[in-house]
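First chain A sits with chain B, and in the next complex the same chain sits with chain C.
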Partner chain A sequence: MSDLTLTPAPALGGYRERFEGVQLEELPNLAIVSIATPRGGEAEFAAAIEKAFGVAAPKPGHSSLSKDGRTRLVGMAPDQTFAVFTHDGPDARQVIDGALDGAGYTTDQTDVWVSLRIDGPRAHTALERICPIDLHPDAFPEGRAARTVMEHLGTIVLRDGADSFLLLSAHSSAESFLHAVETSIRNVT
Partner chain B sequence: MIINHPLLGPRDAAEFVYLGDASLIDRPDWEDPDAAEKYYEYLYLRDNPAGLHRELWFHEQGDRSWLVVTRNTLTHEITNVELARDVAKAQGRSR
Partner chain C sequence: MTDKPINAPTATLREAHGGGSATYVEQPNRLAGGLVDHGRALNFDFDGRVLQGHPGDTLASALLANGVRLVGRSFKYHRPRGIFTAGSEEPNALVELRRGAHQEPNTRATTVELFDGLEAGSQNYRGSLGFDLLAANDLFSSFLSAGFYYKTFMWPQAFWEKVYEPLIRNSAGLGRLSGEPDPDSYDKGFLHCDVLVIGAGPAGLSAALAAGRAGARVILADEDFRPGGRLNAETLEVDGMSGADWAERAVAELAAMDNVRLMTRTTVHGVFDHGIFGALERCTDHLPTSGGKPRQVLWRLYTKRAVLCAGATERPIAFGDNDRPGVMLAGAVRAYANRWAVTPGQRVAVFTNNDDGWRTAADLSARGVEVTAVVDPRNTQPRAEIPGAAIRMGDAVAGTRGRKGLKQIELASGGTIPADCLAVSGGWNPNVHLTCHQRGRPEWREDIAAFVPGKDLPVGLTVAGAANGSLSLAAALLDGETRAREAVESLGFKPAKHTPAKAEDEAVELTPFWHVKKGRARAWVDHQNDVTVKDVKLAHQEGFRAVEHLKRYTTLGMATDQGKTANVLGLAIMAECTGKSIPETGTTIFRPPYSPVPIGAFAGRSRGKDFRPFRLTPSHHWAEEQGAVFVETGAWLRAQWFPRPGETHWRQSVDREVEMTRGSVGICDVTTLGKVDIQGRDAAEFLNKVYINGFAKLAVGKTRYGLMLREDGMAMDDGTTARLGETHYVMTTTTANAGGVFRHLEFCRQCLWPDLDVHLISTTDGWAQYAVAGPNSRNLLRKIVDPEFDISNEAFPFMACAEITVCGGTPARLFRISFSGELAYEIAVPARYGDSMIRALMAAGEEFDVVPYGTEALGVMRIEKGHAAGNELTGQISAQNLGMGRMVSKKKDCIGNKLSERPEMNREDGLRMVGFRPVDRSRSLTAGAHFIPRGAVASMETDEGWMTSVAYSPELGHSIGLGFIKRGSERMGDIVRAVDLVGDSDIEVEIVSPHFVDPEGERLRV
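Up next is the complex of A and B:
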């Protein structure tokens, strides 16, 4: 065995840029774990989520922040929830497995996605040009989430503040996605 | 075209993939003595209505759900959208 050490590298090398009225940054330590509800185990799943995170499991299109404020649970589809949390290490799935004690089927999706946060007073203006979802605060208030397409790339958009959005897109097309978001920001600043 | 998803609200048709007639849900029983004839009908024979049509759409760029959409083929007006799993369960299927 060789004694090579593998060092994780973020998809965009820790990108961070300031524009007029908008900030865009990569979140390199964001862990994403997909949790599927076992068929017939819906009640046990709901109880385990409540016990582990102190909040109810979110419905599709909604999210809830755990009581300790560290994990955001996002309802992706019927019987599918994503747990999104800051975590530095290759064992994000084990963290959720430990919390749920077998009440959900977990898959580590951390390295599948690139995570960007866009925030600032012009974030909404920049996003509305590439996002087909109505992001007006009345239609898409804080905590709402949606899986959609931006510039032909599958994207999850989540509003985590009045002027702040989390964007997740495929790691393999991270630079194309960044280019799309950057271009849209440049068009409004 | 906008499809009003029963769980997620109005979504652009670009997020969806079209499959075809909603009768594809009713797959024949392969052990039926008339299975060959029934599969021939199931696979190859379609109505082609000028008017209301029940059809399957897959929310590929969304929550990956299958929907049964009732659409008027003359006007593209969508009058009803249901989750395909609810339609199948209402017909007595387990899922």
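Up next is the complex of A and C:
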């Protein structure tokens, strides 16, 4: 064994920038774990989620915040839920495994994505330039989530506040994605 | 009226507004009132002459205010042309705007908003605008009639390319491009609404108010910079106030509503499927500079309902020399006077076949402009008393006089009347364009002699106001309100109670009158493309009678204005020729865009390096530091090789990387390979069904190569799948097929075998994965892998896999797999550690002289080892072709199994993948060469196969290749020719095993 150690590096180096009416930041400590519902194990899965998080598993396109407010569960597909929570370290999957006790198949998705939060009164206006889906609060209220494509890049968008959106896109194209979002902001501010 | 030579500059623009002491330039045609700010002067430059206008002016209104009538030359005959309309339908007044790289040709002066410092120039002349050398074309007009291209340049044939084409190209076109890259930026965007209202005239404002008050989400888009449409151009009253005041009040109410988005300077240019509309917003065109913001935004509007309130376009009447500067549409003349406080002439005559045209005479007269005549071909009572004007009922204008601008009109009854402006109205054509973008056909309405929208409208779209043939103001207001109410009610909104806007129902009666037959001079139909009545008649005479033929033969309606003022007139004349009715004659197809959209706007941000996103590997920035040369593989940028000082040719770098890897150890970033996390009780069965070979018995901690077929039996992709746990597998795919394979697997899971408990999720980006290859790979990894994990050959043999930790506890995955044929591993860490990991691996490997290698060395080693890759897996290759026919397990079913049994795919003389080496070892092989028997002529009949991949093998010291050849596996040692007719080479090659290096696979297992 050598004395070599590995240090984690955020995809965008911990990017954080303020614009007029918009703030954009990378969330390097946002852990994402996908949970698949075993076929035939739906009831056990629902009970385990309820027990672990104090809320029901959300339907696709919706999300719910755990009772302790620390984990957001996002419905991605009929048999797929993302658990999104702040966590430092590469063992996010174990955290969820421990909470669910085998009621779902988990996969660590933290490093698959780059996470950006865009918030502020002009956030929606900026997103109009790249987001094809309707983010009007009536159509996309707080807690709603959707998969879409922004500037050719697959993106998950989640409204986590009145003027705040969480954007997840592929880790490998993080720099292109940031450029797309930044350009949208600069074009409207 | 002045007709000063406009090429004589009075002062430069810089002088005029540079010092802030702008000299006042007289505007001879400026009236009082209107919707311009008389208190502020804006300096602008037209053809080097500095002029002044006011905020609220368009370039056209400002030019008219200054008495400039000659603004351009026509397309074909280079006839002098002036401003013809007051809107986006303008065929004549095309100018070049701005200077340098910002120069934009073919801009309609009627839509250009005036700003201080605007620079514009006329276009399409040789010499000067006033004395255009190409005006000689006009003298030869009898040779340049419709279809002259098709007739004139036929002989001699040899002249076409060298003489005729350059000549035509040189004369054709209107404005000039700057020839420089466009320095402006453009953007796109997406908007959503319940109701889109297109056009903010009386119908549109009324519709938007009704929909907005009901609480619906409304977008109101208008191409003008001032909403109101004809309300701003008329003297008619709404609710007891001027139309313009009412419009202003309506706009203020709409602006105060949160649920209404008012978009001015925005043209809805097309209707697409499912209620989607395209719109172009001109964000900074009205400003001196864009200030770094996008100049224009191309919007995609998602709507539930849309109300088209696009108004109507006035049409001219054709008569001799009706294209002379000063001849204008009557509604435009009135608009200039009422909205822009400009009279286009000092002595105005009116020629109209309808009541609306009379309002031009009345309005101008009321503003103190001298109206010299009103000529109306109808044999009825005059519609108004116009003081001082000669009223000629039952007469027509047969010709005009004046060289570069109108001086007199000639009457059909004989005699002339002085006029420097002739306001012409032949009636109004509803703007049906958008209703026809999905192949709807407009219908003819006899009472207004015009086409109105048909019944077959795009889904969700209704039409209101003048666009629907409701030509009076009262009708338009009511129509807009009604259509909007219907739209919001159908969406479940409750229309608010309010008093509808009231206006007088002004007279709009008309008797169709298309062209004046008297007179010998040419009468223009399409001003922009120089199509005359005679051309239409010629088309008829020569058999081009269908409207689509008429259009192509004469170019009627094919210019940048798409014939907005010309088309109906043209087909009315054709109808006259054929003796058919106008509705029988029909219209040409309307297609988007409604008015020109710059290509730059369609491109949006997708320019240069922003054309598409890039995917970067976790070691990318490290590789950049090493001076790597990158290659695009799909969206990925991968290191192709890592040149070292002194290496001048890529082969030197690649050969070294191969030799050092095979000699000791090399590292390659293989993160780009697709990774699919597969979990579930039935995951093994699932893999058994998607791969041709068996996976049911793969033990935990083992990896297996797998080949998957498409349903048609052809090879789709290959890779390895590792079993990490009882119900947990990780599949790798090729880089190129990662997305496609994942989609295929999801299809299998969701549609073919929904009962299986199997779950998929991509983890491609989640893991930084490095191939560590070469005899010292284990020694290197021992310095990285934490000591509690035994990676000795016995504990971790070939094809083993494990979840481990590295560098003191960082989670990792280790696979003992080899693409290079060496003792090799692939090691993966969460992507966030990828950069740190490559540095750690290189540091650990220093004592072994470790080398990073790129995709080229990777390719050389896989060819040396005989592994198929993208060059071989073309989609037309079967497992049998790859020599893997026996891998298709017949003990189980799998995708592609049945169809791979087709006789054609199992021919005894089928293609087999084998290796090739040149008989003369000094020769280089080329991929794409075809295999031909010795002594045979290279032809399709003698073709036996082709070379797919070639490389120089540093290990063997000569060129090697992989390829497909008939019966290949039975022909070891045979000599054939590799013939490359494109590269002009013909080399004798020997058929050999594809496994050039270590055919027994001993190196893998040590």
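FYI, the second predicted complex is superposed on the first by the 189 of 189 C-alpha atoms of A that agree within 3 Å, B and C clash if a C-alpha of one lies under 4 Å from a C-alpha of the other, contacts with A are read in each partner's own complex, and residues count from 1 in each chain.
The rule we apply is simple: a residue touches a chain if its C-beta (ideal position, glycine included) is under 8 Å from a C-beta of that chain, and two chains touch if they have at least 3 such contacts.
Here the structure is a predicted model, which means the values were calculated and not measured.
Set side by side, chain B and chain C differ in how many residues of chain A they touch, and the one touching more is C. Contact with neither chain B nor chain C is seen for A:96 once the two complexes are overlaid on the shared chain. Legend: residue contacts after superposition of the two complexes on their common chain; A:149 is shown touching chain B, with no touch to chain C.
Of the two partner chains, chain C is the only one touched by A:5; chain B is not. In the superposed model, A:132 lies in contact with both chain B and chain C. Contact with chain B, but none with chain C, is seen for A:60 once the two complexes are overlaid on the shared chain. In the superposition on chain A, A:52 makes contact with neither chain B nor chain C. Of the two partner chains placed by the overlay, only chain C lies in contact with A:179; chain B stays clear of it.
Common to the chain B and chain C contact sets on chain A are residues 39, 80, 132-134. Against chain C, the residues of chain A that register as touching in their complex are 1-2, 4-11, 34, 36, 38-40, 79-80, 90-91, 105, 107-113, 128-134, 136, 138-139, 151-153, 170-177, 179-180, 183-184, 186-187. Of all residues in chain A, those touching chain B in their complex are 39, 59-61, 76-78, 80, 132-134, 146-149, 154.
Interface residues of chain B facing chain A in the complex, by the touch rule stated above, are 7-12, 14-15, 61-65, 83, 85, 95.
Every residue of chain C that touches chain A in the complex is listed here, in rising order: 185, 187-192, 217, 292-294, 297, 300, 302, 605, 610, 612-617, 635-636, 671, 677, 679-681, 727-728, 755-757, 759, 761-767, 783-784, 786-787, 806-808, 810-811, 829-837, 840, 843-844.
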